[in-house]
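Structure record follows, encoded as structure tokens.
As written, the chain order gives the labels A, B, C, D and E, with residue 1 at the start of each chain.
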Amino acid sequence: MTETPAGLLIVLAVLLPFVGMMLALMAGGRNTPRVAAITIVCVVVTVAAIGLQVAHAPLVYQLGGWAPPLGVALRADGPAAGMMAVVTVVVAAIALYARRDFAVPEGLVEARAPLAFWLLLLAVWGSLNLIFVSGDLFTLYVGLELLTFAGVPLVCLDGRAETLRAALRYLLFALMGSLLYLLGTVLIFGVYGTLDIELLSRVIQPSLVTRTVLALMTAGLLAKTALFPLHIWLPPAHAGAPAAASAILSGLVIKGSWFLIVRLWFDVMPGVVTFGTAQLLGAMGAAAIVVGSIVALRQQRLKLLVAYSTVAQIGYLFLMFPLAFDASAGAMSGGNVLTAGLLQAASHATAKASMFMAAGLFYKALGHDRIAELGGAARALPITTLTFAMAGLALMGVVPSGAYLAKKLLLAAAADQGQWWWTVVLQGGAAFTAGYTVLVLRRLLASPMAPEREIARVSRLSECTALALALASLLLGFVAAVPGIGLPSGLISNPLAPSELLTICLVTGGGCLLAWGFAQRPSSVRPAKAAFVGVLVEDFDGLLRQWPAASLSLFAFAAAMGWLLQSGTAA
Amino acid sequence: MTEFLLGSACAILVVVAVGLVRLLRGPGEADRMMAVQLLGTGSTAVMLIFGAVIRQPAVIDVALIVALLSAFAGLAFVRGISPNSGGGDE
Amino acid sequence: MTAWLDSAALILLIGLAAWVVLGRNTFAAVAGFIAYGMLLGLVWVELQGIDVAMTEAAIGGGLTGALMIGAARRLKSAAPVAPATAGTLVIAIGVGAAMAAILAACVLALPNPAPSLASLVAGNIAATGVQNPITAVLLAFRSMDTLLEAVVLLLALIAVWSLAPDAEWPGRIGVPQTANPNGILAYIARVLPPIGLVIGFYIFWAGADQPGGKFQAATILAAMWLLIISAGLGKTPPVSSRWLRAGLIAGPIGFILVGAYGVASTGAFLGLPAAYAKPLIVTIEIALLPTLTLILALLIPPPLRKRAEA
Amino acid sequence: MLLDLWTIVLVSMGVVFFLAGTVGLLRFPDALSRLHALTKADNLGLGLVVIGLLPRLTGIADGAKMIFVWLLVMLSGACLAQLVAHLIRQSGDFKP
Amino acid sequence: MTGATLHGLAAAILIGLGVFGLIAHASPLRKILAFNIVGSGVFLLAGALARRGAEAGFGGDPVLHAILITGIVVAFSATAMATAMLLRLRSVTDRTTLAETPPRHDADPPA
């Protein structure tokens, strides 16, 4: 609780991106990307310094010297520092990747889209850092709004009607979520007279109001995270945006509200959560994996496939919740499961960002992203093909990726607690991921369709950045070796052990089967039996993504959660 | 005295609320606009009375803002419903 | 008797809200929304939240009202929207009612006596040098929120700008508005702004010690500027204008500089040394006023050019 | 005591004028006469309330501000009435 | 029942009404209006809580009031942004609903 001397670093990490944003706006024109670059370097140094400090002890800073509950405190603990580090890597990579795409065109003093992109990139970063370190529920609300305001315009940078519509949907749905969050914040203040997370965590007791608050806030944040069935806005928004913007939205923006759910469940009101609610959240995650993956397999356009794969991967991020519920204490407890969840977020942030980057490069080179006509792309863009493959492997959880480590920890927890059903979901999810990766790779490696089309040149820097990010995700598992993380040693003892190899083979094989079963094919070929299920799932997804259905799901989820919270304690 | 003031405030509010029937029924946009104007003036009066009751002179400042901004909104409304919306208002 | 006044105002408020939500005609709903905003000012006075009453009356009623009217006008010619199905309506009614019922239960279940930070504010307000407790919270105890809020506004403006047609960048966005220079609108656009300017600065100046402050003042000034623009007596500056951009960042940057001075003088970012607390707070407010005014005014979108003209 | 009487008489008259405005707005047959009734009545109503409340204020400044509120409402009311009248005349489809 | 409780209950009704509007209206402009009704309901709820916490000579809890002012300004900027987006959509197309054309048969590719 007491302040730490190096705490000022957290303030810097939050404010530097915003200061950079404002100076970049002032500089304007060709100077905007330059100011952004300088800012990025400064923040990278700051975050590195924070990482070094947090390895010893969490940082705390009381703004203006006013202690909570009157003032606002910022805190950087392990999870916050870890997330900040991941975001830093991804932002830096996206900035390198987008250098060419969002340069001011020749002959113009200033162009709209590049200016907006660089300012918004910095704003997303500042908001995320704020969300990671803020210790006050209302400051977090402001951070959430900042993140939404920075994320939404990225969707419609090109100004086409379809992307504008997607952006408006995203904004309105996210605003609905913000209101629910704010409502919860207000009610909590009405009961406890403070908004400080740490003070609240000491006093919060399950009661009608706190249960309502948890249900409302979680529902609101899920709307912003786009967990199935609240993914109304995600596929069109993430698929329609420019590649670099999609990478920001998919890799970074949704992690903000997700992290806030983690804070809420683990730090603010761990004791209010019940077994049933944790299972509900996990079940929605499982549904997201199944539906998101099947619909992804049926897409005909690469960017939509990747967007739906994000829907599925968001589901993965929620599998840790049921496994982190400590039934004997009746509360959420962090430990290895929480670490696994954070690792999953980290590996998804890196892998998905690089996957969108790769998709963008294919689009740029070929002039389209129709999966069926990707043939020959591997010969034209070998590096990017490799990137896509590696990102897919990283998402699948192949040794030594971060997802592998996370999966291993979660599997161990599931075995420990006898919740075998999560084992099935975890392995099945990996198989689905393998499915759509294989599906795309097969097309990429196919021989070009005649006649050979003109292939546009793409930036080598962008290609290499995407590759580096995919590589980072694939090697993330080695963080287990870092002593500060506190993971049990020997998690990746022998990556080539027969059991490991067998699992990978089984998962990949399963993936191939799924891809064969669900994917769309030319009308001349007889569709597989499973395609029937695929069409059904696709229609179901389309139905859920209508506004009335999605908003009803939102409130139905809140109601179900409130009911589970109430009945769980009565039993 | 307090009772009288609050009572008259109530009365003004009720009277003005009845005027809002024009907001519901129209028939023209101008009629709706007038009902809103009446509510604006009425709630300013109620506010001033209430401020006198709770002896909080700052309420007059609120009334000042309401008067100014309701004029602004009213002007926007007239502009918004005027048929030659793109050009001049006259 | 107060209960009667409270109830009358609240019933009227709920009635208006129902009208805004349920009314068929969009213009009528917007008119109801403006009335709703004005009435909210009154309700806030009843709740003894004078500062909030000012903000809600200025932003909720005035500025948002004008924004909505402009939007309704420009959407008039759009293709009609299919109404919701009966099933959706029934379920939506159920959800709304359930939400209201649960929240009502929560309101009734709140602890008595209610927790409050009022005494804590009262105990520490002397250190800030101001007498308006809300200014003390906004610019001393929770000044981070206020700083971030200025950034939120700036970001919203960047977002609105990012929607501009490419052809208009980096010039003036939207068509300049015109009105008969001898007409009533031009007349009131000449008479009202000086009055508004005086009121705005008065509210700003009063804010340190009485209800009022920069947000309310900035809203008034922004409204007056918009009035001048809409009467064709002024133009919005081009987005590339150096002065405009400097004005847009002056507030947050000034705020951060004062905060950094706090590190040097008190050892805490955004800290206020007791001797200079009030001058520093006033400095921040002076820096924020032009920024907030500019942003609030520019957030109200001007009419966009028709595509043929672009 | 005398001041109390002043307040009671004037504020009551204010209420009556508001009532008159509402009745006019509801009962008058066409938009122009409704406008006429409304702008006169509610401005007068507010004015009477303001004058009635004046003796209850503590400072001169508050009184001045209160009168200023009234003047402001009258100014904007008059201009708006003009604009609305134009509008009613312009929109030919208006039925009395 | 105190005045504050009364306001709290009214706020609950306002939120319920707004939520109905958010779900039921297909027109984005009406959704934005409904969003503002829910927002003002949440603020009013906070005002009721602040009034309950009146002590130390203040008419209400100043921390909540300050938070509310911030909240109102944030809600306004959200409204402005949504409106701007809607108007931009209107300037490029006639169809201003949120319902998308079926994504999988989408003809025009992303940029």
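By definition in this document, a residue touches a chain if its C-beta (ideal position, glycine included) is under 8 Å from a C-beta of that chain, and two chains touch if they have at least 3 such contacts.
Everything numeric in this text was worked out from a predicted model, so none of it was measured.
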Number of hops, subunit A to subunit D, where each hop joins two touching chains: 2
Shared interface partners, meaning chains that touch subunit A and subunit B: C
Labels of chains that are neighbours to subunit D and to subunit E: C
Centroid-based (C-alpha) most distant chain relative to subunit A: D
Chain nearest the overall C-alpha centroid of the shown protein atoms: E
Dominant interface by contact count, named by its two chains: C-E
Mean-CA-position distance for subunit E and subunit C (Å): 13
Centroid spacing, where centroids are CA-atom means, of subunit A and subunit C in whole angstrom: 32
Inter-centroid spacing, subunit C versus subunit B (mean Cα positions, whole Å): 19
Chain centre separation (subunit A, subunit E; CA means) in Å: 26
Multi-chain contact residues (two or more partners), subunit D: 72, 75-76, 79, 83, 86
Contacts with 2+ other chains: residues of subunit E: 15, 19, 23-24, 26, 32, 45, 49, 52-53, 59, 63, 67, 70, 74, 77-78, 81, 85-86, 88, 92, 95
Subunit C: positions in contact with at least two other chains: 2, 30, 46, 48, 50, 63, 72, 84, 88, 91-92, 95, 98-99, 103, 106, 110, 114-117, 121, 141-142, 145, 149, 152, 155-156, 159, 163, 165, 184-185, 188, 192, 195
Every chain pair in contact, whichever chains are involved: A-C, A-E, B-C, B-D, C-D, C-E
Residue numbers on subunit D that touch subunit B, as the complex places them: 4, 7-8, 11-12, 14-15, 18-19, 21-22, 25-26, 31, 34-35, 38-39, 42-43, 45-46, 49-50, 53, 56-59, 62, 65-66, 68-69, 72-73, 75-77, 79-80, 83-84, 86-88, 90-91, 94-95
Sites on subunit A touched by subunit C in the complex: 8, 11, 15, 18-19, 22-23, 25-26, 28, 61-66, 69-72, 109-113, 115-116, 119-120, 123, 126, 130, 138-139, 142-143, 145-146, 149-150, 152-153, 156-157, 159, 164, 183, 187, 189-194, 207-209, 212, 548, 552, 555, 559, 562
Residues of subunit C that touch subunit D when the two form their complex: 184-185, 187-188, 191-192, 195
Sites on subunit B touched by subunit D in the complex: 1, 4-5, 8, 11-12, 15-16, 18-19, 21-22, 27-31, 33-35, 37-38, 41-42, 44-45, 48-49, 52, 55, 57, 60-61, 63-64, 67-68, 70-71, 74-75, 78, 81-84, 89-90
Complex contact set, residues of subunit C against subunit A: 84, 88, 91-92, 95, 98-99, 102-103, 105-106, 109-111, 114-117, 120-121, 124, 140-145, 148-149, 151-152, 154-156, 158-159, 161-166, 169-170, 240, 242, 245-246, 248-249, 252-253, 256, 262-263, 266-272
